[in-house]
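Okay, got some structures for you below.
What follows is chain A paired twice: with chain B in the first complex and chain C in the second.
On to the complex of A and B.
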């Protein structure tokens, strides 16, 4: 097994949507290439064990099962929007993607692909104009991109016609990113979309979307429908990216790295010595080769 | 016409695609198939005891099974009669044969896709090898069809519902780890299907024209 970075071992990772678990049934998944078993009993309590029989620390929060393989270095993230009762607070439908989870986070932060991949929804192919925006690192050492604006024909299923959507992105942890976007019916408030990415292997991940949408004009089923529609469009793009791990060398993939958030994200990963799912700078000279495949299925 | 629909379902997509190609207006009823398993809920089982999508309701007439729905829609709404030529015994026979083939594609390539993407259990190795066996057969068939100047699955100058039934599992196969690289006749046929007027996509499939690998640069 590839060496896993200590910051990731001591962090929390989502491994299942509770809604998909059945009582008294074992569900198998992978984390850092290691097989783990999730078991829920009839009292809804959950235990998670590794193949070697070791029980790992687990919690249930925001509709997901979270685990930490080591000693937790910090708590699970706090989401104030999840406590607001005029929002649908729901899981979006976890999906397996055959690419590094870091690639998924980077793609999530990028508005440049909207007109091409999400034509007719999050962008229009004939109008790929992007506006300058602000990227910073906060005092809590998170990446924040603000003032992101984009014209969207269908920003959300409850939009009546196109709007200029305002986005704010945050990268909270290496495999966790959040975005806030203008709600079409209450333009002064924002809908909340997070992705918790489970690094199943270096080149395989499971994306767990988490949504806090204002209830105004939209039902739960439609929130999920839209999330899956959009992510279903990203999936083949992500799975066709090569190499499957994310190169951290600033010289690699310069065309992609022209995106400011992407440059920040890669640098931030370097500074935090994140190597799992990445091609670190010292091995970047052979970045065109795929990392030795950890077969997880 | 109501369609009980799940966006990422290849079988629902067959129905949406044919409705677009023929020009049938329909009302969408989204079913939370995943992760909500709403197709196994009490209210849906009353409509379809098999607990499967898609399902249509046309003037009180309820029909399940994507291939049955294709037959019904083409027969009732396609005035040109080209999608399901009811007067042509040979072609109808071929269509029935290839609808069965499409069922096998569903249970191999389709299952592999649901396994990798949505964690729906199956014997993944046998699904993948079964899909390759079927795709070799289809590729060879399409190659011979082309030699006879026939661009579609059945011996008919137009595409039929057999093409629509086989297309989604084939075109989405890579999501289940099944490459189409060794099947050039299949790839040419996929491009022809994508160029039929009023073709629509499902997430995971792009309209004909730009290659997915070129769009990559923005991501």
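On to the complex of A and C.
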């Protein structure tokens, strides 16, 4: 197995949407290339074991099963929006993607693709300009991109006509990112979307979206439908990225001004020595070599 | 001879129908293969330089390939990036250029290689005659096992598919290629079979046979398909029974081991990087000569609509001329030159002394007049020879089906330049002929009278007309950033009497600029690289970011809001109002 970074081993990762589990049934999935079994008994209690029979630490939170393969170095992230009563709190439907989870996070942070990949929804091709925004690293060592604005014809299923949508992005952990987005009916409040990316392997991941949408003018099904529509548009593009791992060498892929968040993200991964799902800078000469230690078919 | 130096077929010509992009692979390297509308076959590394998305899922727009992810455009022939939609007002850096593999279309196949040598495939028996391309068959096996089996290829002459007795002769055989002749009753057919190494464990068999048009092709194709499929079955069962470790991997190249090079330092001064020949010279209008400039060797670099080149004349003069070419058209550059009565020698020399066959040095194209492709409507206004950059813009807008109008002010019908190109643009071109100063102003007022959000206007022509357009647009309420100008020259008298200091933030140098010297001259004198072109404050090439201090703007390139911002300076003419300028260089 490829060496997994210690910060990732001691972190929490979503491995299943609880709604998809059946009682007294074992569900198999992968984390860092290792096969794991999730078992739920009739008392709804869950245990997670590795192939070798070792039980790993697991929790149920926000509708997901979370595991930590080592000793937890920090708690599962706190989401205050999930506690607000006037929000739908929804798991968005987990989707497997044949690419590094880091590529998925980078795509989640990117506005430039809206007019092309989400034409007619999150952007229109005739309105393709990405305006300057601010990116910073907070005292808590999280990446925050603010003042992000993009013209969106259908920013949300309950939006009537195009709006200049305001976004704020945060990268909380290497495989976890969230965005806050203007609610079309209550412009002073924001809808919340997070993605928890499960690194099944270096080049395979399962994306678990988590949504806290204001209930005003929208039902649960529609929120979920919209998330799946949008992510369904991203998936084929992501699966055609070469190489499948995220190159961290700044020269490996051409960045432009509108890629500021992505530039910060790659740098932040470098500084945190995250290599799982990445092509670290010192192996630059093996740039496109497939890292497939993970064989998931 | 290495395997990288060999020409292999990587596709059939029929795999490249109109506006399609074909995914090919050779020696582990993925390639995006597409035919432009002018027939040119492009073979590129199969990844967008931006985020690595396969270009084989991109969109063939006829003259450019568009990436699916962020809509970046890459030009036919050169693979240079021509447009980045996230920043529609900027022209992409010249260094953004994809890797290109050579392409030859011959015998119904498209041939390429990693670094192929020589003139390409040459098979005498297929030359100057009709060929029938066989169906390509993919085999899961290393190439050497395939070619071994192919040596036993026994087929029937095309007109003798039912013959009982056939004789075979292997005419030629190499590690990847086989020529076999089949003969029966004085009828013979020769076949060329090639094993294309896709990667170390996958091979595609491609074949071509000599062909007579009188025959029916389907039974012949079926005959060969059956035979090659039998070979596939035999090879795959053998390959499967051999332990993987024993399979000899090919000398495989990993795709894109090289990183795109980091941005180059700007070349100092006015640099002529390309040698061209005048392939054609003709009079396109009264007093205007047109020139087609072809590269002496290699290919001309990517340009964007609005770009100009420096032409270095044999008499030592350097002049700027806009490219009039349509998008993706780089087999030659076309420029138009008006013989100016008050010329200081440049246009006289070009028009009078240079003829077809003459050689010239030119710079790479620079674009300080970039065209946005996200406008709801684009208005192009040309006066006289100012048509040249706008013609290139109009051709792109026309090709991309974007809404635009080209208003062309000329003295008379006889003065209409590049009329043959304009006529192809149809009703989008509006001619304004023989108007006096006041009539021109009225027409400009009419043209600019309607302004809506996200409309853009581009103006190029004589200085009085630009000034009139500027004043009119301002009066009507066009925002500064929606009005774009290209000056041929700076009509302002330059006041170079001031004295000031420049501090170079990146080079950690402080230099004095005395009266009578320009910033550019002082930088050059101190070996600080600065790229320039017109050197009279019109083209914008020598723009520098200002970190501190107040510039004394004397150029006509920067727009009013930019001048007011004190963030940029055109260093060939502008100076300082403050005692000191801190420049980001």
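We adopt the following convention: the second predicted complex is superposed on the first by the 291 of 297 C-alpha atoms of A that agree within 3 Å, B and C clash if a C-alpha of one lies under 4 Å from a C-alpha of the other, contacts with A are read in each partner's own complex, and residues count from 1 in each chain.
Note that a residue touches a chain if its C-beta (ideal position, glycine included) is under 8 Å from a C-beta of that chain, and two chains touch if they have at least 3 such contacts.
Everything quoted here is computed from the prediction, not taken from an experiment.
Enquirer: With the two structures laid over each other on chain A, which partner does A:85 touch: chain B (first), chain C (second), both, or neither?
Expert: So A:85 meets neither chain B nor chain C here.
Enquirer: Using the touch definition from the top, say if A:127 reaches chain B (first), chain C (second), both or neither.
Expert: After superposing on A, A:127 lies in contact with chain C but is clear of chain B.
Enquirer: In the superposed arrangement, does A:98 touch chain B (first), chain C (second), both or neither?
Expert: A:98 contacts chain B only, not chain C.
Enquirer: For A:243, using the defined touch cut-off, is the partner it touches chain B, chain C, both, or neither? Pick first, second, both or neither.
Expert: A:243: touches chain C, not chain B.
Enquirer: Taking the superposition as given, does A:3 touch the first partner, chain B, the second, chain C, both, or neither?
Expert: In the superposed model, A:3 contacts neither chain B nor chain C.
Enquirer: Name the contact category of A:225: first (chain B only), second (chain C only), both, or neither.
Expert: First partner only, chain B.
Enquirer: What is the contact status of A:233 with respect to chain B (first) and chain C (second): first, second, both, or neither?
Expert: The first partner, chain B, only.
Enquirer: Once the shared chain is lined up, is A:112 touching chain B (first), chain C (second), both, or neither of them?
Expert: Both partners, chain B and chain C.
Enquirer: When the two structures are overlaid on chain A, which partner does A:52 contact: first (chain B), second (chain C), both, or neither?
Expert: neither
Enquirer: Would you please give the residues of chain A that touch chain B in one complex and also touch chain C in the other complex?
Expert: Shared contact residues on chain A: 106, 112-113, 116-117, 236-237, 240-241, 255-256.
Enquirer: Going by the contact rule at the top, pick out the chain B residues touching chain A in the complex.
Expert: 7-8, 30-32, 34-36, 38, 115-119, 124, 174-175, 177, 202-204, 206, 210, 212-213, 215-219
Enquirer: If we count contacts the way the header does, which residues on chain A are in touch with chain C in the complex?
Expert: 106, 112-113, 115-117, 125-130, 236-237, 240-243, 247, 249, 251-258, 284-289
Enquirer: Would you pull the chain A residues touching chain B in the complex into a rising list?
Expert: My answer: residues 17, 19-20, 29, 91, 93-98, 106-107, 110, 112-113, 116-117, 220-222, 224-225, 228-241, 255-256, 297.
Enquirer: Applying the document's contact rule, which stretches of chain C touch chain A when the two form their complex?
Expert: Against chain A, chain C makes touches at 30, 46-47, 49-54, 57, 68-71, 84-89, 96, 254-257, 259-262, 374, 376.
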